[in-house]
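Note that subunit A is present in both complexes that follow, paired respectively with subunit B and with subunit C.
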Partner chain A sequence: MTKYIIRRLLWNIPVLFLIAATTFGLSRALPGGPFDFAGDRSLPESVRENLKRKYNLDAPIYVQFADYMMDLMRGDLGPSFRYRNQTVNDILKQTFPISFQLGILSLALGLLIGIPAGIIAALNHNQWLDYLSSFVAILGVSIPNIVLGPFLIWIFAVKLGWFPAAQWGVDYTELYFGFIPPMNSDFWSHAALPTITLGTALSASIARLTRASLLQVIREDYIRTARAKGLPERTVIIVHALKNSLIPVVTILGPLFAGVVTGTFVVEQIFGIPGLGRHFVQSVTNRDYPVVMGTALLYSVLLVLANLFVDIAYAWLDPRIRYD
Partner chain B sequence: MTVQTTTAKKDWMVEAAKRRGRSPLHDAFRQLLKNRVAVISGIFILILVFIALFVDNALFTFFTGGETKPLLAPYRYGTANFLYTDKPPLTRTEDGQLFLLGTDYLGRDLLSRVLYGTRISLTVAIVASLVSLGIGLVYGLISGYSSTRVDNIMMRIVDFLYGFPFLIFVILMQVFFKAQARRGDAAGIWQFFLDIDKAMGGMFFIFIAIGAINWLGMARIARGQTLSYKKKEFVEAARAIGATDRRIIFKHLLPNILGPCIVAETLAIPGYISLEAFLSFIGLGVNPPTPSWGLMISETYQALRTAPWEVMVPGIALTLTTLAFNMLGDGIRDAFDPRLRGE
Partner chain C sequence: MSQGDVLLDVQGLKMYFPITEGILIQHHIGDVKAVDDISFTVRRGETLGLVGESGCGKSTTGRAVLQLYRPTAGHVYFDGVDLTTLKGEELRRMRRRMQMIFQDPYASLNPRMTVGDIVGEPLEVHGIAKGKEKLDRVAELLEVVGLNPYFVTRYPHEFSGGQRQRIGIARALAVNPEFIVCDEPISALDVSIQAQVINLLEDLQAQFGLTYLFIAHDLSVVRHISDRVAVMYLGKIVELADRNELYENPLHPYTQALLSAVPIPDPEIEAQRQRIILKGDVPSPVNPPSGCRFHTRCPVVIDVCKEVEPEFKDAGGGHYVACHLVH
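Coming up: the complex of A and B.
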């Protein structure tokens, strides 16, 4: 297993390198440059030239790429061209923990609601509880974040006034270990609506998958055997059926994770959360090349780790799967 | 069997004759018609198609020339009425115009805009799925049918691309295309594509972006299906009588693997619709004033406190559409899945 993990990590190095090269090339291929505007005014030609020289942008692109990769090896993602007093490392350090909190909370919500809902639906197959939860699940899958977010704000923030409509109740300076926020009422009240917005679609798709896969598993012979042994129904479901039925759920956690990142972007914009999301789009429109590279690489590394985690979880859930 | 028959034998023959003529697709379609939810969703989608086609008379003026006028929509989608901005549903103007679903921040009729919006969402749904189905099927068929060596290389490429952060590439691509379109001094084939994009209100490149992402999954499914069929006797038989590879792939394998691929594609359609809405929401989708539902939401969600209907109208339209496609997709999947069939 360790060998497999190492091999997978090694295989990902060329992938990440190609991602870096492609992103680098594509972002430089965009028309316009990072110093075309300072605020609303356009910069004089001579100033632009000097700035370009300062950031080595007049060098051939392969030299720039080589320089970038050398800096990357040292963990230096370079300066931001737009936020001139910040480095890309600073920006990621400030914004990523917030997006990460939002993502983890929604994933937790998705699993906590999705798996039990799927189990309940499957155990009450073709009864009203099944129909109800299936309908709620398909509705949850169908409603896009850009609709659910404003809808929740309108009901719970504007009409009922239960939760604040915007912002994230954490000062990034007071995080434990760099990403765990203090869990006070301020945090939870701000986190509630964005987390529900992002977690609904997750829990809905997890519930649908859990239901479908559990329905298949309960018809297997070994479940009949377990029942024939006289095991209580609860043991049969929890110990024998559930673990196997979670395999397809684990499979989609990788793609779902990518979806969470997309989602955080929209949810952060709707709720005015100062996370990483806005830099994904803004850095590209600003031609802020180092930030584009930084966000792209961070996202790719996360994606790679998520897929690796999925494969490891497979082997744990199904001992028949062996990687050598 | 509750059918009244004269003899048992005749009944059996009729049944057998009926069975012989049923192809898998035909069979699945009959099964689908029994699913009430799927049928209702299908009808809803047909209504959307009807709206998209006849929201104005562009379909006729395309051939005859002349000015386009709204047919089903009460007004043009871009007509602004600055005396009546941010009006709630059922507002009447002094000269008797009715805004059934209210107006937006420029005084444009929301009903008209939401009806025009069906065009964008449905075109994306159809074209993006055809693009992804087309590329994915051909790639998967070739990969699955080829030697193990070629298959390995082709699938490694797919695995490789799977690790790419496509969201970032979509954003980069869209920004690139938009900047090119704004400059408008491209040459040759480039300008041709940019013109197409402009004529479609900025939709063309969304198709390319969405198609470029989504063929990967389809290629995997098509390959898996091809692998499971290519060792079957009927393929062997076809090869024995001298059929070419191309004929085997397209005449014998393709019809058999089409079912699961169609199911997967239908289930992917809601994702395409949401992706278009998402791109338009972050300002990288259609060009204003083209009324995409995502763009309508992004233009109005900040006015949620004072004018909630401006978000709700496109939001409900978007949700109902994805819901209908999801339910139809579920129905089609169940219809193709023989394990659920009660025969």
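Coming up: the complex of A and C.
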């Protein structure tokens, strides 16, 4: 197993290198450059040339890429072209933990609601509880965050005043180890609405997957064996059926995790959360090459690691899957 | 055959599976009459063979007897207790006394559990043994069915079909049951393995005084292992008699046709064997034929067969048969 993990980690290096090279090439292939505008004025030609020289953008692209990779080895993601006083490391350090907190909370909410809802639906197959939960799940998948977010704000923040309408409760300077937020009421009250917004869609898709997979498993012969043993129904479902039906859920958790902890542009915009999400979008429109690279690499690293964890979880869920 | 005391008494057992139509509002449009009003008894310590072609309701009977399906109608008395009236906890406790060996040893073992867990789990839920005692008992059970006790930490996929079926048998034996339904326990196995498993089942019966309901479609195997044999056709028992009586003096035309299909391991006699070939297919259990269910394919059908359902009754010496030509 250890050997397998080490081999997988080593294999990820060429994968990440390829992603870095492609992103580097594609971002620079886009027409325009980072210094075309300052605000709404275009910069004079001479200023642009100077800036390009300062950031070494006039060198051939392979030289730039080699330089970038050398810096990357040292853990330096370079300066932001847009936010003049900040490095990409600063930006990630300030925004990623916030997105991560929101993402983990939403994913937890999604699992907490989605798996039990899926189980209830499957156990009441083709009865009203099943139809109800499937209906709610389809509703949850279909309502876009851009509708649900403002709707929740309108009801719970504006009308009822239970939660703040926007912002994140803690600043990145308050985080323990730069990551863990203080669990105070400020944090929770600010987190509630965006977490529900993001978690609803997640729980809906998790519920549908759990239901479909469990329905298949409870028809298996060994479930009948378990009943014939005289096990209580609860044990039959939780011990025998659920573990067998979790594989598809675990499979989507990998990409879901990577996607959700790196920030969601729409939800962060609606709630004014200073997360990483907007940098994915703005860095491209700004041609802020180092930020494009930084966000893309962070996402890829998380994705390959999450998939590695998924594969390890398979081995735990299904003893027929063994790696060596 | 002496009249031993009756362990299992099945009376008027019916198992219908509803057929529904429609997506939101479901209409009940009919039933698959998998088992339709059958009665039989199994005596303590005997093996009752249950034979019939695919889809005649043999397995359904086995499952309905153990209440793995809840029967549509009828009663199943196990040692005097009507299982059909038991629910939840009471039924669960009865499962300690009656077990099942399943047909498919590949599908009937949970792939995520070790052999030790599969065999040991019933011990724990029925409060028979825990911890060290449980492990000892599991090892003992594995030995009883001819497996190495060292296998406890392995998973089902690491075993061959015959070994898996032994695990299934050890699992069924774990709770010291009195009665075991063997649902085609050998039909998924290689011929070379079948004899081993049959011998094991016989040894275990002698050793633990077990009572079997042995479901199979292999007539020779059923003849070998059974004390009495029941023949099913389309959800009904058409004939039930002591083994030798049934094989040597079959009364029902369906039984005669079935037995004529058994090859004889002697080339000279085999060459003279007269087969009764039945015409057509088994009718649908949704709309079974009127009168005698076999009349559409019966080689000796008479008019009354199409109108009146023959009674299932004793033709002498405990040889039960449902046929107008006999009664």
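Here, the second predicted complex is superposed on the first by the 317 of 324 C-alpha atoms of A that agree within 3 Å, B and C clash if a C-alpha of one lies under 4 Å from a C-alpha of the other, contacts with A are read in each partner's own complex, and residues count from 1 in each chain.
Basically, contacts are C-beta pairs under 8 Å (C-beta built on N, C-alpha and C of every residue); 3 or more make two chains touch, one makes a residue touch a chain.
This one's a predicted model, so the numbers in the text were calculated from it and none came from an experiment.
Subunit B and subunit C, once both complexes are superposed via subunit A, fit side by side. For subunit A, the partner touching the most residues, choosing from subunit B and subunit C, is B.
In the superposition on chain A, A:Val147 contacts subunit B only, with no contact to subunit C. Applying the stated contact rule after C-alpha superposition, one finds that A:Ile138 touches subunit B and leaves subunit C untouched.
Using the contact criterion defined above for the overlaid structures, shared-chain residue A:Leu317 touches subunit C, although it does not reach subunit B. Once chain A of one complex is fitted onto chain A of the other, the partner contacts of A:His240 are limited to subunit C, with no touch recorded for subunit B. In the superposed model, A:Gln167 makes contact with neither subunit B nor subunit C. For the three-chain arrangement built by superposition, the Cα-centre angle with subunit A at its corner and subunit B and subunit C at its ends equals 70°, in steps of 10.
Once the two complexes are overlaid on the shared chain, A:Ser300 sits against subunit B while remaining clear of subunit C. In the superposition on chain A, contact is made by A:Thr225 with subunit C only, not with subunit B.
Taking every C-alpha atom of subunit B against every C-alpha atom of subunit C, the smallest gap after superposition is 5 Å.
Of all residues in subunit A, those touching subunit C in their complex are 126, 131, 220-222, 224-232, 235, 240, 243-244, 317-320.
Per the touch definition, subunit A reaches subunit B in the complex via residues 12, 15, 18-19, 22-23, 26-27, 29-32, 138-139, 141-147, 149-151, 153-154, 158, 258, 261-262, 265-266, 269-270, 280-281, 284-285, 292, 295-296, 299-300, 303-304, 307. Against subunit A, the residues of subunit B that register as touching in their complex are 160, 163-165, 167-169, 171-173, 175-176, 179-180, 183, 270, 274, 277-278, 281-284, 294, 297-298, 301, 304-305, 308, 311-312, 315-316, 318-319, 322-323, 326-327, 330. Residues 24, 26, 63, 66, 68, 92-96, 99-100, 102, 104, 107-114, 121-122, 125-126, 155, 157, 168, 171, 175 of subunit C touch subunit A in their complex.
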